[in-house]
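Below you'll find a set of structures to go through.
Next come two complexes, and both contain chain A; in the first it sits with chain B, in the second with chain C.
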Partner chain A sequence: MSGIRRVSKELTECQGPPPPEGKDMSKVKLQDGAAILPPTTMEGIWAKADNSNMYRWDIWIEGPANTVYEGGIFKLKMELPEGSAPSGTGGYPFKPPKINFTTRIYHPNVTNDNTGDICLSLIKTDVWKPASKIKGVLEAVRQLLIEPNPDDPLETRIAEEYKNNRAEFEKNAKSYVQRYAKDTLKENSSKTTTKKETLKNAPSKV
Partner chain B sequence: MEEDFREVELSTIAAIYPEELCIDEQDPYAFTIELPISLSKPVVVKFPASSNAAPSGQLPEARLPTVNAVESQQLSNFPALSIHIELPEGYPTEKPPKVALSTSPPWLSPKILEKLESDAQRLWEDIGRDQVIFTYIDDVRQSADTIFGLVNEQGTLEVGPEHKIALLDYDIKAKQTAFDKGTFDCNICLDPKKGSVCHRMLDCGHVFCVRCLQDFYNNAISEGDISTVRCLEPGCAEKRDAAARKASGSKRRKPKTLVNPSELLQIPLGHDVVKRYVMLKYKAELESDKNTVYCPRESCQGAARSKKYKKPQGVEFAADAEEESDGEDGEGGEDGEGGEDGEGTDKKVAPLDLLAICEDCSFAFCTRCRKSWHGEFQYCVPQERKEEISEEEKASMEYLRLHSSPCPTCDAPCQKSHGCNHMRCFRCQTHFCYLCSSWLDPENPYKHFNTDSTGKRSACFMRLWELEDGDGHDIEVGRGAQHRREEAQAAELEVAFGEEARGAVPQQQRRQRVVQAQPGQPGQQDQQANNARFAVAREGPLVLRIEGLPAEARGQQYRPAAGRGRPQVVNGGQRGGRGVRGQGRPGAHQQNHGRMPGQNRQVNRNGQRVQNDGPREDGRLNDNDEAWVRHFVRLALNDQEHLVEMDSDED
Partner chain C sequence: MDSDEDFQSTVSSDDDAMQDTDNDEMSGVEDFDAFDDEPDEEPDLGPNKIQRKRIAYDISFKVYSPTDIQAHQDEMMDEVNMILEMRKEDAAILLRHFRWNKERLMEDYMDKPSKVLEAAGLGSSTINPPRLEFIPGFTCDICYEDDDGLESFAMKCGHRYCVNCYRQYLTQKIREEGEAARIQCPSEGCGRIMDARSLDLLVTPDLADRYQELLNRTYVEDKEILKWCPAPDCENAIECAIKKKDLDKVVPTVACRCGHRFCFGCILNDHQPAPCELVKRWLKKCADDSETANWISANTKECPKCNSTIEKNGGCNHMTCRKCKHEFCWMCMGLWSEHGTSWYNCNRFEEKSGTDARDAQAKSRVSLERYLHYYNRYANHEQSARLDKDIYTKTEKKMVQLQTASGMSWIEVQYLNAASQALQTCRQTLKWTYAFAFYLARNNLTEIFEDNQKDLELSVEALSEMFEKPIAELSDPKLKVDIMDKTSYCNKRRVILLEDTAENLANGRWTFNVDLKSLAPVSSGRK
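Moving on, here comes the complex of A and B:
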């Protein structure tokens, strides 16, 4: 299974060696839950593989500074497709990873629902190449927070708002950060919003 | 004493060139050194045609236009120069070393070799009749860097054509040897690998390990996904593709970035795999050509022989059909039965163009009437084959109708496997909408799903993500595209209602109406959204689905509650959250099959019978029905549909 080898290498590439005491961590003014973050080589991104399954990763992305997402920590889940037995080929890295926000986010390129699908060309099946790297994917996701791409939207309404009514967009995005992305690191408080809550909270549409 | 000198010098030289030096068996003072010629920068080598091969090295450019056969290659490795040196008695004080140079093959002209040989004596004199061997070898080595001054002002080197193959072979081998010795990081398995188990892509030079390439390409070819048989580096093929497009101007060309079959064999891939790849590629080419005619014999259905695309025999790839050079001679005779074909292609008389010969079964037929060839003077008409459509054909046509959308440009039926409704045709790259098959502006394809500048909305407004999980998983439930296209005919209606709904309906009147008409017990239940929780899975305006289906499709009365390709996914389901988005919108999606004209008699909540007209052939509503529907919807939006007069369409 060369797939596993590659995945663990990529994980190492993303995590790097443990950082010197307090250095990387202190950058984020984190709540009590900061301990769950693994070391990282990337700016504002942390990645950790599931203990029992290398093909499932937890990702945390810090809302980049000077964006509406600043101050939030967004959790994502990434699943690498496993190849079909017996050859094990046909899975990752031949097929692209699937990555979703589990923390809700108000963004033109992320579905505004529990699934948090991301529209990222890099991981579309026809664009993905086996030589693409997870690190690149994660960095692209973070880049999407810095620079939404309203011309290729998943949420057409939010995209319109982003283009035509930036103030309203920012207000909504910030309120989402306040509501959903603040306590991400407190373990077991992963705010999986129930539907009811969503209904109540969803900003009324114009 | 002299012997000592020779011996000392020899052992020194042997230490300097441990691998290249070879001492003669007969004569201990004679030896050969193989001097490899590798240039740091490749030089352009020209091979003039044999007719003027004699004077090598002269008249390079002037002759070129007349000589078509001149080919140039960039080479950086040349067959080694072997230097045979004999140290005679009396060397170094009295006699110069005896030097003989040669190359195999003799690609260097004797003149040059002579000159180099005479250099030995000159150097020996210069140095004061002393030990000269190292100096001499070094001198030859240095002049080899410029191919002994043979490279002309244009930076090209001419070599007799008879050595062409040998030189090219040598260059390739030398490069391969160098490559094999190197170490590369395979970007797929991320392991460092020796060059000998790696492959360098011929077109772009990216290196991957053979194992990864085999895994990937074998998998892709066995899955039939040949469009991915390209360089595996992100963006590489796309970049070259774009560059090629740019270079060839606006003319649309098929991307040529697919890996060549011969390269696949080199990797190496199994012979049968490559064969399959070639066949798939060939089929894809035929399919993408609208002019392809298929054999009318039901058991065969091979493609008619074409001049443009040659059926591949084995793995050798029929000389790049992509070249699009239609002018070449027909090669119909390739499998020995091309007699008629040859005659046919001789003259370009219109009727003869009707003759087609199946590539697989050699059946000669007329492309117009699709019967066996009747000669060019017989009048024939295209065959209507309505009545002979078999059940199987019918079923697959029906499937296509329900679960695919035709490309607006080439009419190829496309089926969406997942994702949004912005489609790109696999054949002609047209951008189109999966829901209504409209052509989309490649610059801004999503406009179609949004409000345009004038505020007008298409029928697909806000429906970009309908059917996200793909079309056709649910064979039972037709939510297909042709079918949607028919729907689109009622688009104005939809939009009109959408507008009304928007203005008129307060939010709390969200209302779900789901009709479940099981075969055998047609019935209808109205359900309030709050207790039934059926999907409100869309955020578009109120859309009234007008089911104007032809009769045969109507056996299926049950439709999914929303256009998401699955029936009744309750909101808590996997994608349930989607429905949420619609919640804030006034007016929910209404499934209104039970009331549609053309349905069987339906019973509404109040037990009244509804009599509907028979189906109209064109799938549209008659004016009466339309008025009734409008009226009904208006009432329904106010939760007053029970007030509707059920006899309004009785007349």
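Moving on, here comes the complex of A and C:
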């Protein structure tokens, strides 16, 4: 299948040759028991394919400097749709990749729940082109952390807050980083939604 | 009212039905004047208005087959191709880009040709026809294959990919996404549109056929005056020049060649005489369970103190709320202590304490009963229409038997078919008259409307009864004549009702008791 060739090539493009000294690893203060990040050619983004399945990738994005997300590391999962060859229905790259945050993040364009869906025009079916590349997608996700797009929100409440009450937004986003995005590199650090969190988002009863 | 009696009498003397209804239609107009207290507005009913009435009810439309649709497109493409001297494929892309607005295309193109081409995804064009090529050292940017002899293709934008990838891309777009008019070059951010000739070069004939089919769809979907017939398996399109903003003035009912009658405004089945907006509201009202709430408010009351909902299903009027122990009178909702010794018999209606609660209660009851009145009749006709249809399917078989039993020819038994058709259409209309009436505020016009409604209903029920007669009776020539007469009478009554409602709708004479935002402000009417 031609898809495999493309996917492995793209992975190489994302990872590149082993990095020159001080390029990336030093940027992240690895904590005790942290996972080792794969090499990368991208700024603040690391990608690694599943050992058994080239179509599933783990992605880590470092909260960009001078943003509310600074200091956090966000883990994402990417799935490349697999096509069925005989019927001619194309998988990747004829269909766009699916990408979700697994680390909770407070962001107008990411659902504020455990699915972490991202609203990104590049990976919408009608915008995606077979010649579009994963690298571009990952960079676009990171760009979304630098510059949220409140006019096309997934979380309208957060978008409103971002537009009208920036201070409150920053406070909330930073507290999410503290709570969820600090220990991302530690093995088995997957933090799930706490009861408190669910209650906080539920409409208050009088 | 004179006309009313006339109508009644014609029900019994079917032979004169046609003649009488014609007269009645005239007298109906006269009666209408009689309600008018302001003779100076008389000119409103002059010949102009009558003319417009005809147009308002008999909406003009055309039915097109798939071949017609194709021919229309070809014609327009040829025209653009001739005038602007461009390839037919490019003309097609431009036309689709301009949503088949040829005039605007010409104007814009003459003004800024390169800008128009760019926007439509054509860029600067050359004359070379599209072809597949072998390029030495070529690597496909989609699959990353770089084999020697890899066949590749590029549109005018120059983004080159291997044929396999192109094929897969197009298959996916056409088969899975149903895309046709807006398939872009596979390169990221390139807006170049795939044209029919390039496509033919790349895909199998059956996929190209599907592409053509989808393109035809965009032609109909892009044009506001065209709509697909919504009947299953019908491939025809209807042309009707009705504007969206006029939907409060007309109910644009069209009939496809396949026999399906529908409203051009909202695509729902024929809903004359009710305008689209009323239909939308009515259906919503009937569908959601807002009526459950209505029942609750009609059958229960709230404790005046703690607001717990209480249903009284027997017993005396001295209520003690289970929850808060508040004691009150069920009748007047006032404090029980105010009742003194007049237990079990509340005669304190003048007291202020319970007036408001009672008012709300009464309103709710009336509103529910009113709704149910109209809904039951609406639902009844819907149900009956279904039954009539069932009977017709059975009758169709009987029509064959009838031929042998009575020696009538197939053509001679067609009157049953006509009767069945009449029953269906008239019931459809009757059904919607009840939804229409539900929203109608009472004025002089509503009386005429209700008379028309009653006449139609009576004759439809009479015809329905004849229609259900057993086969032995159906072969009686007398009954055949009766059915034929009644059929044409029903159709006549329906036309009269529709003309009356359509005319008043067109002239904004109805007053509706709901605030219909999308309806234009209704004139205060004549009092």
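Couple of notes before you dig in:
We adopt the following convention: the second predicted complex is superposed on the first by the 179 of 206 C-alpha atoms of A that agree within 3 Å, B and C clash if a C-alpha of one lies under 4 Å from a C-alpha of the other, contacts with A are read in each partner's own complex, and residues count from 1 in each chain.
Everything below uses one rule, namely that a contact is a pair of C-beta atoms (placed from the backbone, for glycine too) under 8 Å apart; a residue touches a chain by one contact, two chains touch by 3 or more.
Just so you know, these numbers come straight off a predicted model, no measurement behind them.
Using the contact criterion defined above for the overlaid structures, shared-chain residue A:94 touches chain B and also reaches chain C.
Of the two partner chains, chain B and chain C are each touched by A:129. In the superposition on chain A, A:63 makes contact with neither chain B nor chain C. Of the two partner chains, chain B is the only one that A:114 touches; chain C does not reach it. By the touch criterion defined above, A:72 reaches neither chain B nor chain C.
Using the contact criterion defined above for the overlaid structures, shared-chain residue A:6 touches chain B and also reaches chain C.
In the superposed three-chain model, the partner touching more residues of chain A is B, compared with the other of chain B and chain C. Common to the chain B and chain C contact sets on chain A are residues 2, 5-6, 9, 89-90, 93-94, 126, 129-132, 136.
Considering their complex, residues 2, 5-6, 9-10, 87, 89-90, 93-94, 111-115, 122, 124, 126-132, 136, 151-154, 156-157, 160, 195, 198-199, 202, 204-205 of chain A touch chain B.
Put simply, chain C touches chain A in their complex at residues 141-145, 159, 161, 164-165, 168-169, 171-172, 175-177, 184-190. On the chain B side of its complex with chain A, the touching residues are 187-191, 206, 208, 211-212, 215-216, 218-220, 223, 227, 231-236, 238, 419-420, 444, 446, 449-451, 462, 464-465, 539, 571-572, 574-578, 580-581, 583-585.
Chain A contributes residues 2-3, 5-6, 9, 88-90, 93-95, 125-126, 129-133, 136 to its touches with chain C in the complex.
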